[in-house]
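Report on the following structure.
We just call them A, B, C and D in the order they show up, numbering each chain from 1.
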Amino acid sequence: MRFLIIFGYALLAGLPLGWLVLTSLKPVAATTSTSLLMWPGIDFIPTLAAYGDLFTGDFPRYLGSSVVIAVTSTIATVLLGTACAYGFSRFPLAGSKDWLFFILSTRFMPPLAVVAPVLVMYRMLDLPNTHLGLIILYTAFNLSLAVWLMKGFIDDIPRAFEEAALVDGYTRWQAFWRVIVPQARTGMAVTAVFCLISAWNEYGFAMTLNHVHAVTVPVWFAGLQGNVQGVPWPTIAGGVLVFVSPIIVFTVLVRKHLLRGVTFGTVKG
Amino acid sequence: MTFLALNAVAKTYADGTIAVHGVDLAVDEGEFVVLLGPSGCGKTTTLRMVAGLERATGGSIQLAGKIVTDLPPSQRDVGFVFQFYALYPHLTVRDNLAFPLEAVGVPWRERAVRVNEVAAAVGVTELLSALPRQLSGGDQQRVSLARALIRRPRLWLMDEPLGTLDAAVRASLGAFIHEQQRRHRVTTLFVTHDQEEAMQLADRVVVMEAGRIRQVGTPTAIHDAPRSRFVAHFVGSPGMNFIPATRTAQGLCLADGRHLMIHNAASTDVLGPVIVGVRPQWLQVSTDESEKVGLVATVVLDEYQGDHRLLHADAEGLRLVARIPATQRHALGARVILVPHAEGIRLFDPHSGAAL
Amino acid sequence: MRGCVPVRERFHARLADQWEYHMSRFVLSLAIIFSTVLTPAFAVEPTPAKATATEPLTIWWAQWAPADGLQQIADVYAKETGTKITVHQIPWGSFQDQVFLNFGNATTSFDIVVGDSQWLGRGATRGLYVDLTSWLPGAIDLAGIKPQALSNLCEYPSGSKHYFAAPCETDAVGLAYRADWFTDPAEQAAFLARFHRPLAVPKTWTEFAQVAEFFHRPAQNRYGNAQLTGRGYDAMAMGFQQVLWSYGGSWGDAATYAVHGHLDTPEAVKALEFFRTLTTFGPKGATNLDYGQVLDVFTNGSTAMSCTYFAFFPTIAKQLGPKVGFAVMPANGERHAISLGGQGFSVSAKIPVPRQEAAKKFIAWFNTPAVQRQWITKEAGFTANTAILASAEFRAASPYNAAFADSLDHVRDFWNVPVYNELLASAVKHLGEALDGADAQASLRAIADEHEAIFEDAGLKK
Amino acid sequence: MRHRLGWAFVIPTLLFLIIFNVFPLISSVVLGFTNSELTGGSWEWVGGRNFSRVFNDPKYAAAVRTTVLFTVVAVAVELALGFILALALHRDFRGKTAILTLLLIPMMLPPAVMGIYWNFLFDGDYGVINQVLHAGGLLAPPQWRTDPGLKLLAVVAVDVWMWSPFMLLISLAGLGSIPKHLYEAAEIDRASRWMVFRRITLPLCAPLLGLAALLRATDALKQFDLVMAITGPNDASTQTLSTLLYQVIFSNQRVGLGAAYACVVLVLVIALAIGVTRALARMRSANAGQAV
């Protein structure tokens, strides 16, 4: 019974991903066929043409934009977030609880509810259609997650480590850089993965603020769906696979910390 | 009349470790039996097998005339008190106590009556509306006892219920359990690693070691007539001193030629090497150099215990402890002679450790 | 302090052995990531150039075949004049949103936009499009352009002779049908037996519905017709309005902006109910087909008739060859109305004047008869040049050209007032509800209410 | 002195958040009183006209209804499914880690992209779902993308596919946090399996499940990506608050009016966010208590 539930669900949930692989290997015509074409070699001749189209077309450029934006914002987020978490973890700051709540609450903002003023502000700063614009927004958006996650990790690091360093004549700042940061490496890596995935997957801001240059992959995919001359499904499927494969790798890497990640570091899995 | 019978009950875990090697035990109705032994000796496993929380991999268990070896706990009519209380943290004391009644479908009104009864008996009436985490450890264990009592099971099983409590609470709660058991005449199997607790509570003590029963007997018998070196050492605080010696026709002879004891009559017993066991209270400490009998030793530690002292002395590498009156003082490094009282001497086989 | 010793040792060990090693590896991997990624990411980005006459121009248009043709024409222009022109194609689904989002910037990313006819009012009144009124009559022979196309694609308000665009792609909805099925003797006999008239390309909506019903055989994976019913942008409105007009309804009075009494009349309700009936003779999902899907269900061979823009017909002709025929949309008695399509060239008002002049130069060149003759040879390149349209050469050049030329006499358009987008969204949403099963009259009334409110709000209503 | 240093660590982050979160929030309110448009140009103050339009707009009420319906149904199904899966996955078996990791993948995937792909699967004509149903003997398979009763359900289905793993993950943590000896005590107490589930498992998991539901609800209320991909922003039966905002701001190009809509949405979201942050703080202190 147990195994029936587990494997039944795994099958149902996994099939779409399997079909994705299959679709990416099909010729275009086979994807819109009204009969069920399941077996490569029997129902259709598998081809890598979709991947060829993908990498000779504009896809690498969009992928590049996605990488630049996600990686840069992640680095910024982790650095700012770690410092902030350290401050709240180690210093009795006035109103620190309220500040932490404030930081967390920014996470729940629906992008579409603030996009209009952001757009107006960005136009003043000449930031639409730039990598920097999205990098800043994603950093702001992910900071709350980074601060809360990192605070959980830093709280777990015994104060004795820094106290030893302080006794040995290091300044607070040095102690932070040379004791806490190396100690919190796992935490920073986990936080980075969550920020990276969040920035990688974002669509609302990306679509409304970057539609000409610095277009990210999700925005490009959404555009392909509006293609009036037939949607190139194998290319989309192949692109989706290429686009989500790093996420799958990261999910496997941080699986032990997933629970922490989804509960803002409050539940330690 | 035997109420609970364990017949070659054994437990081997899936990974091959043997926790219990075929235990035989018969407990009479209304008897308070304590399973005593160091941690890892299989006493808790045995208890859990009796409860049905653990499945016996060999032998059979008979409860009130019925073979229960393969029955689930719910069909054995037992109450169990856990070391860590195991109170349901989200339920109030009242609901915790009512839980076993609810499970067997006791009507609502009767539940309330019985909860009040048992709460009064255990002395937790004022705590009925509290949640477990608001109680002290002792009170939590009291509630846990009450919960094991409320269904009026015919067998109480207690897994080190006092283990996590501090000394004062421990003593009073121990007395309380004793009193409850006597009053309700519930057959009780009680697990502990604390030999004082065992002595204090038990009708009979079962000493276990390495998955086997080493000795079963009344506290006095266990204390005074240990059947093995293990039992002798484990029971009593501190445990028995052991001195290697040779038994000759003249008495017990030490390696340095001195005697531990001189026989006044010819003995027909087997002669040869033995281990002499003497409890600390049977060792007298003398400073009289002319003493012919006894061990020569150097004082290394003097522990003041209030009504007595424990004097630790070293006799050429052999560490001995003597219990002496609190008024008797010896300087560290002083030479003393430890003289065993003839009455307190027990002999053990140097190879098997069995009592001779 | 007892605990401090091992801690300190560990701390120093870490410092000595690992810190610098890890830090250097981290920096190195960052450097690698960025060098591999930034190069393609930034290298391909077009750099905004300075305002000189020969600098390249950018045209924004939707992503479809005509835009490819325009690029080819533009390449010819580059060869002739040295001004390079890039046609940037945007998927139809987000074309409108992207163009107007871009108009909000201080400078637009494009010089020319080939904007939808409905956009004229917005572009004209919001200062987004350059006013071409004084320039166009001198630059292009307006007399040689089909008047319906000129007024609908270039003027705001229509018929005012105020020009905000010049002709680029002229388009209309047409009928593509499976000629092979229509000429099949067995089908012809069966049709005759059932409807007591010969099977022919429908000339009226009633005939159209009969033919659609006749060919609708879902069990054989064969369907009657495909209409434009998509909810993404304007497909639904374009598909429905020709039925609406043909049945005697309309979107409203263009003079007073009254909508009640035009859109919620019994005729209009009948039109919507008829339109809904047509979707029941369609393939699965026929109540939500965007341009691409209408094309898909026809080119995959499952549908007998499809009503969509002529711009898609070259694709259809290429894929189905002689199996397909093309015709003018059906009428309803005297009334014959066809949805206008196509877009005109508009010059962005948010670029420097010299660039505007350069853009105008290209537009004028494009509209010379010589270039127009090249334009019609491109895939889906449709002209509004009356002489070319009338020429036998044009009519014979493709299986659909004749039908196209004939369709232009009947074209009408959706509102092109500045608030057209709100009108469109409201119409599409409620028409969608009606196709999904809501009461036709209630849906039309809801549109009428909302449209009048929008007009009122925009200060147009009289 | 110490404190000043502490502030130095946190102030960059706080400033960043104030500039890019609080400032837009405030300007959203200001914009809500203007008639500014997406294409820029001149604008003027219109007083409370935008706000009164929001409250009189049936589209807004419908979007609130759709959003709430979507949130309630999606979160409830995800919670139930995730919890059932967690019950099945709770005990150890060979390959558990592998299968768990596999199950968790969908929640990390980009919704906008997966929505497009699901749209492909849902297609009534060539979508694999209906092809399978048809092959399975269903002659008129449901029209996921066009049937008004199913469109929202299709979005819910994809959301469930993506987010049930989230509930699974949290449920597993909840189940894992229940001490084993409580189950033993219940067994001794003769509780039936159903009673154990109802009186022990469920109530002890409840706080974590509640937190999970709140977290998911705040996400589901923002639902945008999937609706955009599956039905587009302008479909009567799936228009959520976020897609309505998109429609007003970008398609209709009414930035001022959109800002007014956004303000009203934000009031709802902020109320919910306060609830969630409280719950998280409680969870954090409860966990800290456990550790001690």
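The rule is short, and it goes like this: contacts are C-beta pairs under 8 Å (C-beta built on N, C-alpha and C of every residue); 3 or more make two chains touch, one makes a residue touch a chain.
Please read all numbers here as calculations on a predicted model, not as lab measurements.
Asks: Looking at C-alpha means, what's the farthest chain from chain B?
Replies: It is C whose centre lies farthest from that of chain B.
Asks: Which pairing of chains gives the most C-beta pairs in contact?
Replies: Greatest count of contact pairs is found between chains A-D.
Asks: Once you find the CA centre of chain A and the CA centre of chain B, what distance in Å lies between them?
Replies: 60
Asks: Report, in whole Å, the distance between the mean C-alpha point of chain A and the mean C-alpha point of chain C.
Replies: From the centre of chain A to the centre of chain C is 34 Å.
Asks: For chain A and chain D, let me know how many angstrom lie between their CA-based centres, rounded off.
Replies: 16
Asks: Could you state the distance in Å from the CA-based centre of chain B to that of chain D?
Replies: The answer is 58 Å.
Asks: By the touch rule stated above, which residues of chain D touch at least two different other chains?
Replies: 38, 40, 125, 250 - these are the residues of chain D that touch more than one other chain.
Asks: Residues touching two or more other chains, restricted to chain C: which are they?
Replies: 93, 97, 101, 104-105, 232, 296, 302
Asks: Residues touching two or more other chains, restricted to chain A: which are they?
Replies: Within chain A, the residues that touch at least two other chains are 32-34, 119, 123, 207-208, 222, 224-225, 231.
Asks: Identify every two-chain combination in which the chains touch.
Replies: Touch list across chains, by label: A-C, A-D, B-D, C-D.
Asks: Would you pull the chain C residues touching chain A in the complex into a rising list?
Replies: 3-4, 7-8, 11, 14-15, 18-19, 22, 30, 33-34, 37-38, 40-41, 44-46, 62-65, 90-94, 97-98, 101-102, 104-106, 109, 221, 232, 290-292, 295-296, 299-300, 302, 312, 315
Asks: Applying the document's contact rule, which stretches of chain A touch chain D when the two form their complex?
Replies: Residues 1-3, 5-6, 9-10, 13-14, 16-17, 19-20, 23, 31-36, 80-81, 83-84, 86-88, 90-94, 97, 99, 101-121, 123, 136-137, 139-140, 143-144, 147-148, 172-173, 176, 197, 200-201, 203-204, 207-208, 217-218, 221-222, 224-225, 231, 233, 236-237, 240, 243-244, 247-248, 250-252, 255, 258-259, 262-264, 266-269 of chain A touch chain D in their complex.
Asks: So in the complex, the part of chain D that touches chain A is made up of which residues?
Replies: Residues in contact with chain A: 2-3, 5-10, 12-14, 16-17, 19-21, 23-25, 27-28, 31, 36, 38, 40, 81, 84-85, 88-89, 91, 97, 99-114, 116-121, 125-126, 128, 131-132, 134-135, 161, 164-166, 169-170, 172-173, 208, 211-212, 215, 218, 221-222, 224-225, 228-229, 241-243, 245-246, 249-250, 255, 258-259, 262, 265-266, 269-270, 272-274, 276-277, 280-281, 283-284, 287.
Asks: Can you check the complex and tell me which residues of chain C touch chain D?
Replies: 93, 96-97, 100-101, 103-105, 122, 126-128, 231-232, 283-288, 296-297, 302, 421-422, 425, 428-430, 432-433, 436-437
Asks: Can you name the residues of chain D that touch chain C in the complex?
Replies: Chain D reaches chain C through residues 37-41, 123-125, 130, 143, 145-148, 231-232, 234-237, 239, 247, 250-254.
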